[in-house]
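Consider the two complexes below, in which chain A is the common component and chain B and chain C are the respective partners.
Right, the complex of A and B next:
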C-alpha cells in the first residue's frame, strides 16, 4: 500500500512500482513517478516545512513548486522543491527551518510575537546601539533565519551547456502551446516546445473545464499525439525557460544542462498561476489551491483530504468539488464568495450531487489542530455573530482566480495592464516576434474574484507565504510612505522569496491600490528579471569554454620535466625541475645562460606581418621610434604607447624588405596590438596589409656566450659570426633544412639569436638544437629564469613593470622616442605630459639579504605610499635581491634609500641602483 | 543575447564584438592646443540618441561602424568603412 490516501488513476505514477523513502527519519512508501510532496500527501503527512520568519507549519500549497512552503532538505542539497522532485529508493528527506522536530519546532514561539515584529522590523529594531547588530543581533538572527542548510560535503555535480537554434520556441506545453507548436510546424517552421512538467498537456491533464472529463482528455490525447508525430517539433519536458534575453535568446534549464537557444520567434503559452485567497490561517497545511488538489488527484492518484470545503470565487471551484467527490472525499460545502449563484454547468452538476452550496459568503478564518486544518469559519450574508459558522474539514481547496504567468513576457519588455471588469492582469507591449497564447493571453479564462481578501482582527492573513507577510504589513508599508510597489517590495520584502510574487504580486498590487486610491493597473507589479525559478549555481558555473594555446614544443617541455604556467591563453614552461627545488632550478638555468648557453621557447610572442608601400610610414605612426630609415636585414626595438602616452606594448621590428616589416609583440598583447593596428588603419587607409602571423610561427631564443657553437653547425645561407650577423641583425635563411627567420636580440643581456620557423617545424627545430647543442652545454630555460635575466639587465616587462599611466619618461625610455617625427600615436599627449611630470619614476633597487619582498609591496615616503614594487627576484649572477619599483621622483638617483613595506607589516630599506644591474656597457650582447 | 549585424559576417552574438566608442574626429595635432587635445582624449559626448560607433568583430578583427540609438539600444544600421565614408562625404 502506497499510502492511506492513494486512489487509482494517477497519470504520472506507476501503481506496480512502490518506492520506499524516508522523511524526518521515518520510512514511507510512495510510487515511481511520485514527487516527495505527493508521496507524503498519500501517506497523510501534511507538514513539510516551517516558515521563514514565524516558523509556522507549512504544507502543500500549489503542488507546482511555485513557493517556499514545500522546500525540503536532501542530504547534499538544501531548498529542494518537494512538489517537483521525484522520490527514488532510499531518498532521505527532511523538513527545513526548525529546531527540535518539524512537528514541535522550539522556535515556533516566534509566531506569537508577530505583532512585535512589524514590517521593517529588522531595519529599525537592531539599529542601536552602534555595533550591536554585528556583535549581538546578527549571529542570533542568522541562527533563526534562512531555510535549508548548505552541505559542505555535497557530492560534485556535472553541469554543462548546449547552444541551440529554432525558428519558433513555444514555452508551455498546455493546450495553447501544443496548438501553437502544431500551427508553426504546419507552416514549415522548426519548433522547440518547452514544458516545465514531466509530460505535455498542462492543465488538460488535471483541470476540469467541463462537467465531464472525457472531452478534455480526448483533446489532450489528440494534441499531444499530433505533436509527437511531427518531426519538425522538438519537445523538451522537465525543462524550464528561465530567462528571456534580447533578440529571442532563451536560457532553458533541463536537469544539469543549460540550453542557450536562439529563436526566430517566441510564443509564450506559459499559462496562468492560480492565486490564493487571503484570510486568517490561509497558510495552514490543508489549505491549498484548487488546482493543487486537482494535481494531486489526477497526476498522482492522491486524495488530498477526507472532508473538504471548496472556497469558490470563480466557476473553477465547482470543477474542483466534482473532482474531490470523484476522488472519494466528502465535500461539506462549497463556499461561494460571489454575491450571485454560479450558473456554470459544473455548479449545476455539483448541486445535483447534493453538495451544499453557501452563496454570497465570506471567510472568517481557518483553524488548525495539531498543525493542520480542522475547520473553516465562514460568514453567510446577514450573519452578524462574531464567530460565524464553523465547518469541520481537513482540506480547504481555494479557487478565486489566476494571474497570467507574466515573468518571461515582462522580461521581454511587455507591461501589465489591469482589466478592472474581469479583475485580471493582461500583458501588452511585447517586442516584435514575441506573442502570447492561451491563458497567458487572457484567452479561455473566466473573470477573477475581484477582492478575495478577508482581514481578521487577530491577523495571520498571509499575503506572502515565503516571507510571512500579512495584510497589515503591506498596509503599514504604504502608511510609512512607500507608495510605489517597488518601494513597498524593498521595505516589506514582499515578492522577494522563492515564489517571486507568483502568489503575492496580485494581492500586493490590490492592497497598495486601495491604500493609495489608485487603479491596480497603475500600481502594477515589480520588475520581472531572470531567473523565473531558482537555479543552481552549478548551472551558471558548469563547464566553461576557456581556450588554451600550446606551442609546437609543448610536449618537449613536459618530457624535460617543465613546470608549466599560463601566460594569457598560452601554456609556457616556468622552469625545468620539481617544485621542491624551484629556486635551485631557476638559478641553474640563469647561470647556464650567463656562462654557457640556454634556449627558451618564444613561440608565444606575437608576430605581425606589415607589408605594402606604406609599411614604413605605418610603423612610424604606430610606434615611437623611427622606421623609415631602418635598413633591410636590421631590427629595431618597438615601443607602443596609447593616445594618452602610456606604454602598452613592446617588441622588435625586423625589416626584410623595403615594404615588409615583421613585428613581434608581447605574449598577451598580440591580439590587442593587431586589433589596434587595424583600427587605426581603418582611419588612415595607408597602403599596407596587416596580418597576425602569431600562430604561424614557432620560435626559440638561443642565448649565452656559446650561442654560436649551437647555431653554426645548423645554419645554412648566412653566417653567424659578428661580422656577418651583427647585433640587431635580422636574416631569412635555413636551419637544419627548415626555412627560418633569425633575429639577433639582447633581451636577456647575452649574445642571443631568436629563430622563428613555421609552427609545424617547431618541434623539429627544438630537437635539432638540443641535439647539436649538447656539446656546448645547451639547457632549456623557462619564463622564470628569463624574468631574472632580463631584470638583471633592467629591461621592463610591459604590463608588469608598467601600469595604465606609465610614460616612457617615467620608465627612463626616452631613448626609444623619436621626438622629431611629426606624428606617432600618443606623441601629442606626451608633449603635454612633459609639462606636467608625474611624481614617480621607475627605478632599480637592491636590498641586503633576502627579505620576503613581493610584487606590489608599497614604497613609502613620510608614511605615505609613493609607489610600489613591480619586479623582485634573487639574482644568482649578482648574489643579491634586486628589483624594479616606482619611487618618488626625487629618490630616483643612485644610492638613495627607499622604504618598502612587506606583506607582514615590517619595513625594509632598499638602495636605488643605476640600471642595468648587469653588464652596464652592454658588451656581452654585442659579442 | 543581443544580435549585431556585422557587414562582413552577418548577424552574430554581441559577445563576439567589442565597441570602441563614438566616432570622434581627431583634431590636427600640429595646431590643437593642449586643452583641445585633452578634450579629444578624455571627453565623451555620451549622447542620448543616435550615434555612430566603432565596432569590431573580434574573431575576424573586422572594424565597421554601427549607427545606434543609445537609449533604446536599437542598431539602426551598420556600415562598412567605405559606406561610412560615403555618407560622411554626403554631409550626414
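Right, the complex of A and C next:
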C-alpha cells in the first residue's frame, strides 16, 4: 500500500509498480506515475517547504505547479516543482529555505517579526549607520536569501534545441484544444497540439462539471481517440509553450529540449487558473484549491484529507464536495459564500448526500496545529460573535472562481477587460492569426465570486504566497502613494515570484481598485512577459555553436608545436614552443627571419577580388592612395579611413589586369571591408564586381635574406631574382605545380614573398616549402614574432596602434594620402581635421632595460595623461625595449623624453626614436 | 593495390584527417581524393537511406558572378533556372545552382564524373567577349557535405531555421541560410530513392562543422558514409 491516503483509481498512476524515494531523509513509497507532491500527499506529508520571507510552512496549493509553495530541492537541482516532477526509484528530495529541519526551521522566528517587515521596508532599513549594510546586514541577508541551493558539482545535463514548423499550433489539450486541433486537421492543416500534462484531456480528466462523470469520460475518450487517429496532428505532451513572439513564433519546452516553433496561426486553449480566497491562514498546508483536491483524487488516486470543508464561492465547489465524498473523505460542511443557495444540480446532489451547507457565510480564519490545518472558523450571516463557528477539518478545498490563463495571449498583444457583473477578466485585442478557445475565451467559465477577500485584525491573509504579501501590504502600498498596479507591483513585489501573478493578480487588482475608488477593469493587471513558467538556463543555452575557422596549414602548426591564439574566429600560431620558454621562442623566430629565412601562415588575412571596367576608379574612391596609374603586376599599399577620417583598415592592392585588383585586408577587418565596399557601390553603381575570396586562398609569407633560396627551386613561370621580381611586384605563376599569386611585400622589413594558393592546396604548399627550405634554414614563425619584426620597422597594426580617432596625420602616414584625388571616403573629414590638428602624435620610443611596460600604459605630461602605449616589445635585433605610443604633439621629435606610468604605479622615462628602429634606408626588404 | 593517402595529393579536403581517423578508404576521382567507404559498404548504403553524410569537398566546382555571367552561361548551353534559389540539372548530371540574379554555382554530379566545371572555366578564360561575369573559386571558398536520408529534414531542424521538410522544400530548391552558426547554401537533389541535401559552407569552418553534423545525426543513427553508398543508392533508384 503506497501511502495511507491512497485510494483506487488515478489516471496517471500504476498501482502495480511501487516506487521508493526519500523526503527529508525518510523513505516513502509512491507509485509509478506519481509526482513528488502526490506521492507525499498519499503518505500524509503536508509540509513541503518554508515560505520566502516569513518561513511559514507550506504545502500543496494548486497541484499544478502554479506557485512556489511546492518547490523542493533535488541533489543536483534547486527549485524543482514537486507537483509536476515524477518520482523515480531512489530519488532523494528535500525541502527548501529552512535552517535545521523543515519541521523545525530555526528561521521561523522571522514570521513573528512580520510587523517589522512591512511592504517595502527594505527601501528604508539596513543603511544606517554608514557601513551597516556592507559590514553587518548584507552577509546576513545574503545567507537568508533565495529558496533552493545550487550544487556546483551537479552533473552536466544534455540540452538541445530544434526548429519546428506547423500550420496551426494549438496550445492546450483539453476539450477546447482537442476540438480545435481536429477542426484544423480536418481543414487540411498540419497541426501541433501541445499540452503541459503527461496526458491529453485537461480538466476533462479531473473536473466535475456534472453530477455523473460518465458523460465527461466518454467525451474525453472520444476526443483523445480521434486526435490519435489523425496523422496531420502531432501531439506533444509534457510540453509547455513558454513564450509567444512575433509572427507566431513559440518557445515550447519539452523535457530538456527547446522547440522553436514557427506556426501559421495559433489557437490558445490554455484553460483557466483557479483563484484562492484570501483569509487569515489561507496559506496553511491543508488549504488548497478545489481543483487541486480533484487532481489528487482523479489523477493520482490520493485522498487529499480525511475531514474536509469546502469553501464554495462558485457552483464548482459542489462538484469538489461530491468528489471528496466519492474519495472516502468526510465533508463536514460546504461554506457557501454567496447570499443565495445554489440551484446547480451538483449542489442539489450534495444536499441529497446529507452534506451540511452553510449559506451566506464568510471566512474568519484557518487555524493550524503543528504546521497544518486543524480547523476553519466561519461566520454565518447574523452571527456577531468574535470567533464565529470553528469547524474541525484537515482539508479546506476552495472554489471561488477562475482567471483565464492569459499569459500567452497578452504576450501576443491581447489585453484584459473586466466584466463587473460576472467578476471575471476576458481577453480581447489579439492580432490576426491568434485565436482563443474554451475557458481561455471565456466559454462556459461561469461567474466568479466578486470578493472572496476577508481581512483579519491579526493579519496573515495572504494575497501572494510566493512573496509572503498580505492584504495590509497591498493597502499600504497604495497608501504610500502607488496608485497604478505597475507601481504597486514594483513597490510591493506582488506577482514577481514564480507564480507571476497567477493567484495574486486578480486579488491585487480588486484591492487596488477598492483603495483608489476605481473599477477593477481600470486597474488591470501587470504586463505578462515570457517565460510563462520557470525555464532552466540549460534549456536556453541548449546546444552551443561556437564556429572556429582554421587555415589549411592548421594541423602542420600543431604538429610543429605551435601555441595557437585566436584572431576573430580564426586560429593562428602565436609562436612555436612551450609556454615556459615563450620569450625565447619568439626571439629565436625573430632572429631566424633577420638572419636566414622564416615562414608564417598569412591565410587569415582578407582577400577581395575587385574586377570590372571601373575597378581602378572604385579603388580610388575606397582608399586614400591613388590606383589609376598603378601598373599591372605591381602592388601598392592601401589605407582605408571612415567618413570621420579615422583609419579603419590597411593592406595591399595587387593589379593583375587593367580591370582586376586583388586587395588584402587585416584578418579581423575582412568582413567589414567587404560589406563597406558593397554598401558604397550600391550607391555609386560603378561597373565593378566585388567578391570576398578570403577563405579561398591559403597564404604564406617567406621572409628573410635567404627567401629566394627557398622559392627558386619551386617556382615555375616566373623568376624570383631582383630583376624579374622587383620589390612591390605581383605575379601569377605556379609553385610546386600549384597555381599561385606572388607578392613582394615588406611588412617585416626583410626580403619577403607572400604566396597565395587555393586553400585546398595550402597544406601541400606548406609541405613543399618546408621540405625545400630545410637546407636554407627555413623555420616557421608565428604572430608574436611577426609583431616584433614589424615593430622594429615602425609599421602600425590597425586596431592596435590606431583607435577610433586616429587620422593618417597622427600616424605620420600622409604619404599614403593622394590629396589631389577629387574624392575618397573620408577626404572631406581629413581636410577639416587637418586644419585643427589633434594634440597627440604616434611616436616610436625606446626604454633602457626591460621594465614591465604594457600596452595601454599611460603617457603622462605634467601629471596629466596625454597618450598611451599601443605596442611594446623586447627587440632581439636591437637588444632593447621598443614601442609605439601616442604622445603630446610637442614631444613628437627624436630624443624627446616621455614619462610612462607602469601598472604598479612607478614611472619610467622613454626616449622618442625616429622610425623605423631598424634598417632606416629600407634596403633589406628591397634586396 | 596501393592505398590512396590524401596527404600524397595536392588537393586535400579540409576534413581529411577526420575521415582518416574514421577509417576511410579513399579513391581518386580525377585530381580529387574522396572517401569511397568506411569499410562497411552495405551498412553505409542502408544508413544512407535514413541519414548519412559524405564529404565531397574535393570535387571540382566553380562559380560565376556579375554582369553578363548568366547570359554567357546560357550561351554556353547551360540550362539555367529562371529564378534565384533554384537548381537546374544538366545533361551530364551536373547542376547549375542559381544563387542570385547574377550568380551561378556549377556543381558536378556527386560521382565527380562531370567535366562541366573545368570545361566552362577553360572556355571563360579563352573568351574575349565582354561582359561575361567573373570566376569564383567555389572549390576553395566552400566545403561540400552531402546529407542523405529520410531523417535529414528532422536532423537539419536541430541546426537550421529553414523548413526543409520534404513536402515544403522540394527537389532543386535552394536555401541560403545559417547552419550551426555558419553561412551555408543548401541544395535539395535526391540520390535514387533517398532525399539528399548538398551543403556548401565556409571552407575554413569545415573542420568545425563536420563534427557538429555528426553529433546532431547520432540521435537518428546517422554517420559518415562514403561515395560508394551514394552510387549504390543511385543504382537502386535509377537516377
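Throughout what follows, the second predicted complex is superposed on the first by the 920 of 927 C-alpha atoms of A that agree within 3 Å, B and C clash if a C-alpha of one lies under 4 Å from a C-alpha of the other, contacts with A are read in each partner's own complex, and residues count from 1 in each chain.
Everything below uses one rule, namely that contacts are C-beta pairs under 8 Å (C-beta built on N, C-alpha and C of every residue); 3 or more make two chains touch, one makes a residue touch a chain.
All values reported here derive from a predicted model rather than from experimental measurement.
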Partner chain in contact with A:551 - chain B first, chain C second, else both or neither: second
Touching partner for A:245 - first (chain B), second (chain C), both, neither: first
Contacts of A:679 with chain B and chain C, given as first, second, both or neither: first
First (chain B), second (chain C), both or neither touched by A:764: second
First (chain B), second (chain C), both or neither touched by A:644: first
Touching partner for A:809 - first (chain B), second (chain C), both, neither: neither
Which of chain B and chain C A:855 touches, first, second, both or neither: neither
Per-residue contact with chain A, leading partner among chain C and chain B: C
Residues on chain A lying within both footprints (that of chain B and that of chain C): 260, 262
Interface residues, chain B side, partner chain A - complex: 1-3, 14, 18, 20, 26, 29-30, 32, 34, 37-38, 41, 54, 56, 58, 61, 63, 73, 81
Chain B contact footprint on chain A (complex, rising order): 245-247, 249, 260, 262, 643-644, 671, 674-675, 678-679, 682-683, 692, 822-823, 827-829, 832, 835
Contact footprint of chain A on chain C as seen in their complex: 7, 9-14, 17, 57-58, 65-67, 133-134, 136-137, 139-142, 157-158, 160-161, 163, 165, 168, 180-182, 202-205, 207-209, 212, 216
Contact set on chain A toward chain C in their complex: 160-165, 260, 262, 543, 545-552, 554-555, 569-570, 603, 609, 611-612, 687, 689, 691, 693, 695-697, 736-738, 758-761, 763-764, 767
